[in-house]
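To keep things simple, chains are lettered A, B, C, D and E as they appear, and every chain counts its residues starting from 1.
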Amino acid sequence: MLELKNIHKKFGELEVLKGVDIAVEKGDIVVILGPSGSGKTTLLRCINFLERADEGSLHFDEIQTDFTKASKKDINAVRKKSAFVFQNYGLFDNKTVLDNVTEGLIIGRKVPKKEAIETAIRALEKVGLSDRLAYYPSQLSGGQQQRVGIARALAVNPDVILFDEPTSALDPELVGEVLQVIRKLAEEGTTMVVVTHEMTFAKEVANRVIFMDQGVIVEEGTPEDIFGNPKEARTRGFLQRILARA
Amino acid sequence: MLELKNIHKKFGELEVLKGVDIAVEKGDIVVILGPSGSGKTTLLRCINFLERADEGSLHFDEIQTDFTKASKKDINAVRKKSAFVFQNYGLFDNKTVLDNVTEGLIIGRKVPKKEAIETAIRALEKVGLSDRLAYYPSQLSGGQQQRVGIARALAVNPDVILFDEPTSALDPELVGEVLQVIRKLAEEGTTMVVVTHEMTFAKEVANRVIFMDQGVIVEEGTPEDIFGNPKEARTRGFLQRILARA
Amino acid sequence: MTIDLAYVQEILILVLKGIPTTLRLAFIPLLIALPFAFLIAVARQQNIKVLARVSQIYVSFIRGTPLIVQILVMYSLLPSLLNVLVKSWGLDYDIFGINPIYYAYIVFTLNTIAILSEVFRSALETVDKRQLEAALSIGLLPVQAYSRIVIPQALVAATPNLCNSTVNLLKSTSLAFLMSVQDITAIAKTEAAFGYNYLESYLVIFIVYIVLCSLVQVFFQLLEQRLSVYKRGRKITAKSENDKQPEYFEDARKERYHAGIEEYS
Amino acid sequence: MNRPFDITYIWKAVPDILSGLGVTLQFLIGTIVIGGILGFLATWARLSGPKWLRAIVHSYIWIIRCTPSIVMMFLVFYGLPEMLLGVFDININSWNRLYFVIIALSLLFSAPCSEIMRSAYLAVAKVQREAALSIGLTEVQAFRRIVLPQALVSALPNLGNSFILLMKEGALAYTIGIVDIMGKGQLIIARNFGGYSIETYIALAGIYWLLTLAIEKAFKLAEDKLSAGKQPLRAA
Amino acid sequence: ETTSEATSDAAAEKTEVTTVTVAHTQSSAPMNYVDEKGESTGYEVSVLKAIDELLPQYEFEYVPTSDEDLLIGIESGKYDVGTKGAWYTEERAQKFIFPENYIGASSIGVLIRSEDAAEITDLESFAAAGKSLVPISPNNAQYNVIQAFNAEHPDTPIELTAADVFEIADAYTWLLEGRYDGYFAVKTAYEVNVLAEGAPYSQYKDDFSYFVYEALPTWPLFNKEQQELADAYDEAFLQLEADGTIDDLMIEFLGENTFQYVKE
């Protein structure tokens, strides 16, 4: 349902993405692994047109476009069908927790207010935050902010959710719960692309794992393949060092 | 060397810290665990006077003061002797990577410029970022920002470093490296208070683990005690759910 | 209705003599006002009890009363009062001999302080609290944290408004003619009166202000560009790309550092 | 001091001065609306218009900021009718003079106003807009709902400065014979051959200050409302 | 829209009435100002009103405005005629039509402290004593008078300071406290502010002395195209002078007939 081909992205002369291809089927949970600075965030941002890729094409259900040429209409359509969970939470500073979550529903999708609030509260319950409805982001702990970000994405019930390290600020207990939520979403058919450093999660939930390094996809496969039998030296090195630690 | 007694902190009606005592000896690595929203960040912020506690006393080497009464001089002295690694990185947006790190040296501690630059580069090398000296924070990936934050704290060579989830945005490979750095610092005698969700780290490096929940210290002890033989039901529950996942 | 170009030229030459006065009238108050305005902004931002309240009343009063009233007070009432005081103390000082430009300085300074304090206050609003906290946490004193981290960031949002205020101030210095100060407008108007050449005079005033205000605008534009470098980010060149391996040679390292430094200094 | 002062005259002058209040409010509100819209369009064009438009708008702001208000007043009062008559054959000479005042002030106001808006817009963290887009808001919605309210917080004090300055621009209207409260005061003083000028000016100052306090109050309320959730830049 | 017809077709003049826009300054009492009810009045305006009555073919409409706008407006044709207490110079005559007859004369003199009255009796003695004068607006006739005086007396000029004078009566105070020695002012202002019953400065009545220097003829200014109107004005003005209207208006607004002080 979502297919990107040959994405290139440069910042100045620094080429951050050097021709990345990625294809996601409906209901997939694709996990992207990779060292810091390898271009994972940039890739997600390109998919959502928060960054304009320099080259490459995108095919998302009926939308078929080139990154360089994409029209406003295409971009809006892509954004309507997807949601993004930011690495730095990216909550609306001037809105309460509840308003952060209802915003995309009431304004973006014209859901009636009452219904939107119900949906929002349900989403916030899933991440254990229904007792902080009237708080502003500045009054929340790091983990709480991150969970609001997740709830905000869940609430709009998009076809694809792009998660950028959705559990980085969470304690292991919550990580478990959030991953549970993600798993359940997947069962309900939501497609997800997840950048994460949680190997356990990658192993357990992903049906595809992509290993990126220095702007290219080094290796791609099922969790079993990647973790059990990595082909590339770089992947092996990465995994070894992790396993050595654990 | 660092002792806090009976810290209370309220935000409006919400009591976030309800009488926390904490004592740290020179060279200690104290790890604070606890669920999201339990007050870990607030506790660290109180130590560094970024938040003014409503009650309680602080004893830090020769500094002995009450939170409510602490003078500007006391506060500055505490800050000079400590460093803080923020959960949200908190880099200076208007300074390059290098300047972020040298700032505390040249301005805060009057180190000559040349020496400061060398110290800074050494600190940045430790976290693998000596190739990004002239970048601005807005041009860095999440993990890179976090590492600059760590380097900034290391560089000033403080008596105590307060780490607030220093590895949340790092891939496991880097987590290993950063923890290695922290371990080495400890060997050199730097005292550290680390809020983290990395159980492995807590187990391996800490010489004391504190488990916080809802604004109080639930349990405190050596890693062996806490992980091997937790006394409190809440601690047991927390650990069980984590272990169940891993 | 024709414009007498020869006459324009003639007035222009006369008016040029007033430029130093005009510049003095604008920039002396501006320079004096900057620190005070900033202190007021900080006092209000930090909500320092009495100070915040007093400065709020000050700002509101100065902004809220017509300049002409302030001129009346400064130029007419104040010297009278001083004269009475000086006399009653038995001093022999000629209050009325004071060059009226000083009264103009006072009026414009008081106004500029009020206006700029709001400019700064709004600029401080744009800085994230965490920036201040981070600075304090690495051992900078509050003063240092402000001067090195907070102010440079606040200035980015302040420069366009500082430019507005400076240009406005420059244009409003013409009111000093009420106090018999001979700025460019005064000269042009005096020249115009004889033959009723107001068109030509205003044309000349316009030309001179275009030049002066343009200089001010260029200055602030460059300042803004420079201050906001960090928002746009540094230009990334091939040289800095992906040389991941740390180099342990002191010289190479320094060279690389200087290469980096040069680009933003 | 050898200065007569009749405190009762202050009060006597008030009703006469207040008869100009309508004019003051008309040009104030007219200018804020028209100049504000112009300024907003200019900001929009400068931030996201095509290159040629940006250049034009930049020069527009540039020139307007260089123009002394009296020059602008005469350009509009004499130049505009002639231009409209010459180019479009529209005669606006019979227009109420207040319209010319409003046009001149609107042009003058639009430039600083657009700079205020531009700097305020740029001060909002980029991620705020991005987050809004990512949950399916359109650019316009993201701007209106998320970026604008946050930008306003830092724009308001500057807009306050501008509004208050604008309110006092009656002297400009006076040059083409429009009499606002300032003009009324001036007429009173002229009729008295300069007598009671201090008393009249005190009355004027009092009225202006009250109006200013009202504007400030409104701005304070708006600022407080909009900065909900914002942490003041204050160390503990 | 009827202007050209009316002026070209003299036969139809009984039915065609031409509207004339008369600009006048709004804050130069007693010559031109706006009264409490918002009506244009003052000596010059009143004369023009009387002239309008004598000219059935014209209908005058009064526009109070500022000096600058009045001048630019007459020159550009926005106003047909304007009056602002203007005096005559060659340069101005190139831009405007000055009619044959001046409309009024503003009598100006110097207000001084009574203590100086023995020593100072005219401008010459004022200048010789090295006295200082309250700043004058270059827009004002007085400025020109002093300039002319200085040109005639290059050895003992009076120090002349230009200032955009805003209408305040503080000059009286400045005189009393010694900030300046002389105030070159219109006589009426002195009468209203000092001499009149209940005037603001009446308590200092004895501290001031006044001597008249001269009366400066003032002209209405006509747009260059309005020669016909100017001629009509001249004709009507002579009529008014003859029937005593001018004298009446002088007494009403200026307290005396100031034409007597006009030199040459």
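Points to keep in mind about this one:
Quick note on the criterion: contacts are C-beta pairs under 8 Å (C-beta built on N, C-alpha and C of every residue); 3 or more make two chains touch, one makes a residue touch a chain.
Predicted model only: the values in this text are computed from it and were never measured.
Note on connectivity: the fewest chain-to-chain touch steps from chain A to chain C number 1. More contacting C-beta pairs link the chains of D-E than the other of the two pairs C-E and D-E. A straight line joining the Cα centres of chain C and chain E is 42 Å long. For this pair, chain D with chain E, the centres built from the Cα atoms lie 36 Å apart. Chain A and chain D have Cα centroids separated by 46 Å.
Centres computed as Cα averages put chain A at a distance of 28 Å from chain B.
Chain contacts: chain E has residues 68, 72, 76, 168, 170, 173, 177 touching two or more partner chains.
Taken residue by residue, chain C touches two or more other chains at 68, 72, 80, 128-129, 133, 136, 202, 231, 233, 236, 240, 242, whereas all remaining positions touch fewer.
Residue positions 1, 3, 70, 74, 125, 197-198, 227, 230-231, 235 of chain D each touch two or more of the other chains.
Put simply, chain E touches chain D in their complex at residues 26-30, 33-36, 63-66, 68-69, 72-73, 76, 78, 167-171, 173, 176-177, 186, 188-189, 192-193, 199-201, 203-204.
The touching residues of chain D, when paired with chain C in their complex, are 1, 3, 62-63, 65-71, 74, 112, 115-116, 118-120, 122-123, 125, 153-158, 160-162, 164-165, 168, 171, 182, 197-198, 201-202, 204-205, 208-209, 211-213, 216, 227, 230-235. Residues 1-4, 6, 16, 70, 74, 77-78, 93, 174-177, 179, 183, 186-187, 189-198 of chain D touch chain E in their complex.
Touching chain D in their complex are the following residues of chain C: 45-47, 60-61, 63-69, 72, 77, 80-81, 84, 115, 118-119, 121-129, 132-133, 136, 142, 150, 156-161, 163-165, 167-168, 171, 174, 185, 202, 205-206, 209-210, 213-214, 217, 228, 231. Residue ranges on chain C touching chain E, taken from their complex, read 1, 68, 71-72, 76, 79-80, 83, 96, 175, 177-180, 182, 186, 189-190, 192-199, 202.
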